[in-house]
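Once you've had a glance at the structure underneath, I'll fire off some questions.
Chain nomenclature is as follows: A, B, C and D, assigned in order of appearance, with residue numbering initiated at 1 for each chain independently.
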Amino acid sequence: MEFMLSKNRKVKLALGFNDVSLVPSLSTIDPVDTDVSFELGGTRYELPIIAAAMDGVVDVRIARLFSEFGGLGVLNLEGIYCRYDDYDEILKKIVESDDERVTGLFQKLYQQPVLPELIEKRIVEIKSGGLKAAVSLTPAGALKFAEVVEQAGADVLVIQSTVVSTQHRSKSGGVLDVAKLISGLTIPVILGNCVTYDVAYAQMEAGAAGILVGIGPGQACTTRGVTGVGIPQITATADCAAARDDYFEKTGRYVNVITDGGMRQGGQICKALAAGADAIMTGSIFAGCPESPAAPYHWGMATPDPNLPRGTRVKSSVSVPLKQVLFGPSSVTDGTQNLVGAIKSAMGLCGAETIREFHETQIAVSLSFMTEGKQLQMSQRVGMGK
Amino acid sequence: MEFMLSKNRKVKLALGFNDVSLVPSLSTIDPVDTDVSFELGGTRYELPIIAAAMDGVVDVRIARLFSEFGGLGVLNLEGIYCRYDDYDEILKKIVESDDERVTGLFQKLYQQPVLPELIEKRIVEIKSGGLKAAVSLTPAGALKFAEVVEQAGADVLVIQSTVVSTQHRSKSGGVLDVAKLISGLTIPVILGNCVTYDVAYAQMEAGAAGILVGIGPGQACTTRGVTGVGIPQITATADCAAARDDYFEKTGRYVNVITDGGMRQGGQICKALAAGADAIMTGSIFAGCPESPAAPYHWGMATPDPNLPRGTRVKSSVSVPLKQVLFGPSSVTDGTQNLVGAIKSAMGLCGAETIREFHETQIAVSLSFMTEGKQLQMSQRVGMGK
Amino acid sequence: MEFMLSKNRKVKLALGFNDVSLVPSLSTIDPVDTDVSFELGGTRYELPIIAAAMDGVVDVRIARLFSEFGGLGVLNLEGIYCRYDDYDEILKKIVESDDERVTGLFQKLYQQPVLPELIEKRIVEIKSGGLKAAVSLTPAGALKFAEVVEQAGADVLVIQSTVVSTQHRSKSGGVLDVAKLISGLTIPVILGNCVTYDVAYAQMEAGAAGILVGIGPGQACTTRGVTGVGIPQITATADCAAARDDYFEKTGRYVNVITDGGMRQGGQICKALAAGADAIMTGSIFAGCPESPAAPYHWGMATPDPNLPRGTRVKSSVSVPLKQVLFGPSSVTDGTQNLVGAIKSAMGLCGAETIREFHETQIAVSLSFMTEGKQLQMSQRVGMGK
Amino acid sequence: MEFMLSKNRKVKLALGFNDVSLVPSLSTIDPVDTDVSFELGGTRYELPIIAAAMDGVVDVRIARLFSEFGGLGVLNLEGIYCRYDDYDEILKKIVESDDERVTGLFQKLYQQPVLPELIEKRIVEIKSGGLKAAVSLTPAGALKFAEVVEQAGADVLVIQSTVVSTQHRSKSGGVLDVAKLISGLTIPVILGNCVTYDVAYAQMEAGAAGILVGIGPGQACTTRGVTGVGIPQITATADCAAARDDYFEKTGRYVNVITDGGMRQGGQICKALAAGADAIMTGSIFAGCPESPAAPYHWGMATPDPNLPRGTRVKSSVSVPLKQVLFGPSSVTDGTQNLVGAIKSAMGLCGAETIREFHETQIAVSLSFMTEGKQLQMSQRVGMGK
């Protein structure tokens, strides 16, 4: 929906998680009969929840756990794990720092160079025993390290920055030709992030096997406050999904839309999938798990930026083991555990057997979710804090 | 009102209690001259407020009290009252549990089997002395126990789950054929819950004497946060009421629309009735009454779910006796007492002699209720907390 | 603006104070050159701010003060002043009661009968020395006491209830024929309250010299929470002003629209006047003045209702003398002092020389007032609380 | 977007910072290649951020610092610096006053007359060593002192009041003929404030080199609460920018639109520029810098008004040096440092090489910014408070 901001300027209405809910359908389905898998680069993944490439969320161990669960935990190859061989000490420093000094500490720690031999080492560690390795690089890192990544045997490469542009201009050169890079690789590439139809379509044309949707919505990201740039996730997901559907109709190639960021509860994950996502990526939900590398802390990829850090170290409340967060049983009622169960439950209520059927769900928009819904959550949170 | 979410996807605007208010009419009527009754299965009920089938809200004693008041208090036949003969001890355990352990306790207590002989016993206890018994079962429970319920002499059977679908698919079988069940019973059946025109119409076609409207709005229910599914109550009620009116026009049979959940004050009950409900169902309003079985606690039907509990134990502030909550006089000014008086007062201002006339009330929508209205309530709550 | 709630039901968008702001005009005017007076029943009043008929706001002394200032302070003839000759003791009891017992105390105190001789006495006391007396009665009171009021020499009679209907139905009889009553009186009558075009027009046809606009918006009134009935004040005022303009065009008689309730700051008063009001009525703004009869408390007219009290005793923070609240100078910057100065300042910015010109002001609607505007107010309040 | 408020009255939807976000573009650009300069009166300024003419924000030293940075810090010529030769003692009194007495203190201190010799002295002090001097006067002050200002060699004159009208009426005379004044001066004049197309266009026709946009949005200004007058900044900026574009098309003269007030973070500044501003003016952001004259306090120009003060003394949290606030590096992630870096980063994401290209950015509107966005900011603020 568009309307006029001024005499000569249109604005577009955009919706986020708290603005919408899913409409149950006439026909329902038994949750146990639903299928939540998605396919990426010829491989089927049973778990539509991907762990984000944040140093406080995914280390080698977590990457392996996600692969065991049938999913993907993405290791950030430009984070501390490929800058330091013995990273335990580094994590300890971060966990023990106080709030005031931690941004400076990040800025210092991330100045250490990324080592190609550590990239190779981490990929081998993840894959050991036949598991899948998903890893991430920035566009600048991809120029340098994409070849190493492929040779080390990674299964999925994520190229991720605040935005990854197929049409980037820089007078200093060094611009990544995304399409050329992808065409030179044999492994599937996920590109991110984007929030609009046009950029999503261009990334698909550049050969992406998946695209990450979301600028600034995550808990550890402050891009929106710092630069004013961003789109709420429901509209961003639906617009990028429309690009996917059009691209699929034209080319026959189905590219995965992966909503990345802003989800803290099962309900929000269900909304992202119903809005058009094939899978979702999240970090903060897992940061409180006991297996988490820097529990209870995590931080964003833009946090260590030396000039304009756009993220904070966030403290999560202590949670249950990762497996219980993903598959239950849930011991709480606030939607933070048994995420797969929540998805299956929502698909059952909306009569969707697969996630692609779930994309047909009717969505309702309401002012009152802000009050009805949130009030409830707030009172529960208060109650649980006791 | 619909508008475009993306290139190929529409969304529908939906409204909740806090978004609307009722417009007084040109012609007014003396509140004492209003009639708030409704008819269900040939019986007239003077009280349009039904107590919800929650173990913390309705036991045998409360069910009898509601019948004495001319209304219905629904006993949950799959709750603790039909799992344990001596349930006082069980209630005591729940009341004495702390917040952290109570979800686990619920999950354990509700694993005890439901006993047909206790179903029969409770119905007989409620009816003793000529009172009416309304009882509830889940669809799975209805497959097993509907016959027992009818034979025991229940007057109204509520078949209730998060949604009750007339078109449910399950590979493991055991699906309830709602229409067949109803046609085999002689007592009126209320089906629930639903939130859309299509499902409401299908439930009427299946023979329902009443339908329950509401998914996720209640204080003790977190379906919306956990699964993202739900519709705000004003739109849900108005849509289901439109189905009732169309079905009535086509068949001549009038099916009761009963708004279930999300109401804490008289004003919200009035809004539900004006939006199209013939009666309303609520639990939390009564949980603080001294007669309440687990006062001051109550909990939802989805709370004990072993895998994905979607509800919490909620603590209410201590209230006045049930009769005063329903019929006054009110000793407070926040709309939580004399609910029938509030309905009659609103009907007077809107010039409606009967609830079916009240369905013609004009409704206003406003952003400002969120601020004007709520601010007031908040300041009062703060003031009263002292 | 109307849109569809369901298949067959329209709802109307309504706006409140926090939703709007006033647009400054191309042409501005010196505030000292503006004229804020209004005319009622042939008399010109210099002060467009009327003190509400609340026992905690207007006693004989305050009524006299308002008349001296060129305005009207309305004495409630069915309040404690005409039930008790020595009311000081009664006020003291109310002030000294605690929050929990005060509703019951009100219910008891207001059961004492209203005495015609006290009505006469109070009117004479107010008028002493040539001042104007404005007094209020409920419709039921008007049936009994209107004649006494006129004979005692009152200058303005306000007939006020939650709504005053020209088409009220009651099987028990005793319905006030408003038009007949007014035609039998020689003094101007203000009727209230109403919130819609139709009712406003009907009250003008019944002979009202002024109408009060507002149901449930006041700080001491909880009608909206208790019954769900009400309309936000900007839309209510604009709709009733449209009725006034149409009635004036048809009959040549100009009836005053008086916005009643919901205003706490100069900015809200300015918005009401710009939305179409000729004057405004408020109680809570004056309750904190040292001259106030039950300072720092006040309460609403529906507070003492024996069955369904719809109002609370509200505590105000201590303020400056009444004259300073009305005419300044202001020692604070939150809009609670120098209300007339604020009106003149707004009229200057909007280029209006008279209040009827002020009715032409363009109004802007915004979501962001809820955040931009209110955030500011909140931070100030926090700052001032220290 | 307009819609009907009542039968005969339209209202216009207006948007503020919290309602919108910027949509990243298909084509992006390296932030280091962006150009943030603007041109005023033939001089190019590298810094599009102007320090507001508030006594607590700009003294001679800060004015010089801004000029050194390539920008403008406007000295208020009717503030304490031109009323008192030794102003340090005055600032000390203000800083040491308590909250309750400070409004009265302001009212007293600002009664001292403005001295022409101090005006001259301050301008000479600022310009010493070849720097630029920007100074401000009210319309009344401009009548008296504009000549002195020009003769003293000021480079930019700002004529500023709540609104500066080209069509002001006053029976007491003394009205500034803005067009005549400007035509008699050789230095560029910035007029302010305005919020609508019509007034912006009229100010351009009167010869303004720049216009200030914003009524009531600033942290130290309460015009909106006191008088109800104001327009949220995104709509105000876009409307005034539309006037600039139309005026430019007609006359070939490009007038700068300068958004003034309401911005606390880089993201809000980026939004103002994308909405059509050529530069922005802010005070509160700098008030916490150690160089600030009354750190950590500042106050608005309408604060000392003797009758209707419309502003408060605001306390800022202590910040980093001014240079770091403007150019970084940032040690925090909340958008309050490295403002120029934030602008360049946003321009890069939106593919804009110059600020005039940035005016083409697509803007999204969302309810959810109020929740998604603000929640984030709030949790961070809470986290940082510890």
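The working rule: a contact is a pair of C-beta atoms (placed from the backbone, for glycine too) under 8 Å apart; a residue touches a chain by one contact, two chains touch by 3 or more.
Here the structure is a predicted model, which is why all the values come from computation and not from measurement.
Undergrad: Any chance you could name the chains that touch chain A and chain D both?
TA: Expected: no chain.
Undergrad: Shared numbers divided by all numbers used: is that above or below half for chain B and chain C, i.e. same or different?
TA: Shared-number fraction below one half, so different.
Undergrad: By mean C-alpha coordinates, which chain is most distant from chain A?
TA: Ranked by distance of C-alpha centres from chain A, the top chain is C.
Undergrad: With chain centres taken as the means of their Cα atoms, state the distance from chain B to chain D in Å.
TA: 55
Undergrad: Determine the centre-to-centre distance between chain A and chain B, using the mean Cα coordinates as centres, and give it in whole Å.
TA: It comes to 39 Å between the two C-alpha centres.
Undergrad: Two-or-more-chain contact residues of chain A, please, as numbers and ranges.
TA: Those would be 13, 15, 234-235, 367, 370.
Undergrad: For this structure, give each pair of chains that are touching.
TA: A-B, A-D, B-C, C-D
Undergrad: Taking the touch rule as given, give the residues of chain B at its contact with chain C in the complex, in rising order.
TA: So the residues of chain B in touch with chain C come to 1, 13, 15, 20-30, 32-33, 197, 234-235, 238-239, 241-242, 245-246, 265-271, 274-276, 328-335, 338, 341-342, 345-346, 349-351, 362-373, 376-377, 379-380, 383-384, 386.
Undergrad: Quick one: in the complex, what on chain C touches chain B?
TA: 3-9, 11-19, 99, 103-104, 107, 162-163, 165-172, 194-196, 198-199, 202, 215-217, 219, 222, 224-235, 262, 303, 306-312, 314-315, 367, 370, 374
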